[in-house]
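Each of the two complexes below includes subunit A, the first together with subunit B, the second together with subunit C.
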Partner chain A sequence: MQNDDATNPAMLWVLDGEALWGRRTGAADKACADCHQGMQGVAARYPALHSEKLVNLDQRINLCRTEQQKAPALQLESRELLALSAYIGRQSRGLPIDIAESEQAKPFLDSGRAAFNRRQGQLNLSCTQCHVGLAGNKLAGNPIPQAHPTGYPIYRLEWQGLGSLQRRLRNCMIGVRAEPYAYGSPEFVELEYYLMWRARGMKLETPAVRP
Partner chain B sequence: MARAIIQVPARAKRGDILELRALIGHVMETGFRRTESGALVPRDIIRQLVCTYNGIEVFRADFHPAIAANPLISFTTVATESGKMEFRWTGDNDFSATESAPITVE
Partner chain C sequence: MSGAKGDPARGRAIVANRQAGLCLLCHSGPFPEERFQGSIAPDLNGIGSRLSEGQIRLRIVDPGRFNPSTIMPAYFRTEGLARVAPSFKEKPILSAQQIEDVVAFLATLK
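After this line comes the complex of A and B, so read on.
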């Protein structure tokens, strides 16, 4: 289902993204396609540093919108933004995740790792306890994965729609009864960065389909 | 108009069994859910998918509230002649979408 474009429901978003990609918008009256050619491999490199700040792909799209297109930023988790990031991500399908390590990015990686290892919530669980210690076992009948974010944004059957990695992370945080970070908060992006770094070398399967 | 993705083999031999797939973006709101204030969210679903092969109906499906969002329907028919395969979805709130693909039968 996931690898067949005729049955992968996330392709509905990818097609929307393709249309948005070529549409002129903002005060600069520019379309994404006016500056960018192919975006192959781009999604495999995010989150990445952008002028000393760590940004994920969605935030990077919004930076392009506000700085280059002079258009208002799209709301995180909005259909348009998910469509664009799915369209960009689709072009990297099959490519290995390639997160660059650098001295500058090290503090972000460390704080993402610390968040992954930190016990939190009323259940007092860390990400590691399930996704490393108990990976492969079952939780409520479902297999516990190793938390490699290889297919985001994903079409999740439970959501009946497309969602970002941050939405999925919120799901886990609510599950351990912790207060989830806000969408787009630095804590979330650092955690995303650590997870992508941890999955480096694995092939991207965007847009993935998951239960 | 809603986005739809259909899969029809471009060419086939006469008498072949064709597998057709039709995926469409739709919320399929059941009409049983409530908002935070308790008001019922009105039903908004696709009611029917009809597939015609050169104008002849070869498949029809009635949809109900329990069908998930973005429904995917897969079915088979027999290749008889070259022409056009047309899919038409209709539903609540005057929803209507069509998508078609050509097919060559040798």
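After this line comes the complex of A and C, so read on.
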């Protein structure tokens, strides 16, 4: 289902994204396509530093909107933003995740790693206890994956829609009865960054389909 | 723990309930009506012959006493936890009576 564009339901978002990509918007009356050519490889490099701040792809799209297009930022997790990031992400399908290491980014990586290893919630579990220590076992009948975010934004049958990695991370945090980080918060982007770094070299599958 | 004796029938319902006991997310056991049981933790079959009631109770209340790196949550702990969601703050996973019910039920699994 995932590899056949005719049956991958996330392609509906990719097509929306393609339309948005070419549409002029904002006070600058510019479309993404007016400045950018192909976006091959871009999604494989995010999250990344932008003026000393760590941003994920969705936040980077919004920076372009507010700074270049002079348009309001799109709401995180909105259909439009997911469509744009799916459209951009698909252009890196099959390319290895390529998160650069740098001295400047190291504190973010360390912070993301610490969050991955930190026990939290009423159930007092860390990500690593299940997704490293118990990957391949079954949690209530469902195989526990190794937490490699190779296919976001992703279509989950459980959601009946497309969602970001942060939405997926919220699911796990709610599962261990922890208070989830807010969408777009530094904690979430650092965790995303660590996970993408951890999956470096793996091929991007965006937009992937999961149960 | 609560002063009242545990009720095995109530305990069975708690163990099988995925919002209350959560046991079957990780454990499997003699629950033919429950599909999708976990494979992370030991099978609950025969736990009543392997452990005494006291041993079972202690493992539910605070399993970290035996194995600090265990993934099994402490069911009667409210302190030393991070970022607990507001609706669960200051609350143990199960009440003292619920734990007694679960202990009474698990002890019957010979």
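One rule holds for everything that comes next: the second predicted complex is superposed on the first by the 211 of 211 C-alpha atoms of A that agree within 3 Å, B and C clash if a C-alpha of one lies under 4 Å from a C-alpha of the other, contacts with A are read in each partner's own complex, and residues count from 1 in each chain.
Keep this in mind: contacts are C-beta pairs under 8 Å (C-beta built on N, C-alpha and C of every residue); 3 or more make two chains touch, one makes a residue touch a chain.
Keep in mind that this is a model prediction, so the values were computed, not measured.
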Contacts of A:Gln37 with subunit B and subunit C, given as first, second, both or neither: neither
Subunit B versus subunit C as contact partner of A:Asp16, first or second or both or neither: first
Contacts of A:Ser51 with subunit B and subunit C, given as first, second, both or neither: neither
Partner chain(s) touched by A:Gly121 [first = subunit B, second = subunit C, both, neither]: second
Partner, of subunit C and subunit B, that touches more residues belonging to subunit A: C
Subunit B versus subunit C as contact partner of A:Ala6, first or second or both or neither: first
Partner subunit A, residues of subunit B touching it in the complex: 3, 5-7, 21, 23-25, 28, 68-70, 72, 74
Contact footprint of subunit A on subunit C as seen in their complex: 18, 22, 24-26, 35-40, 69, 71, 73-74, 77, 81-86, 88, 91, 93
Interface residues, subunit A side, partner subunit C - complex: 118-125, 129-130, 133-134, 137-142, 144, 173-174, 177-179
Subunit B-touching residues of subunit A, taken from the complex the two chains share: 5-7, 9, 11-12, 15-16, 157, 160-161
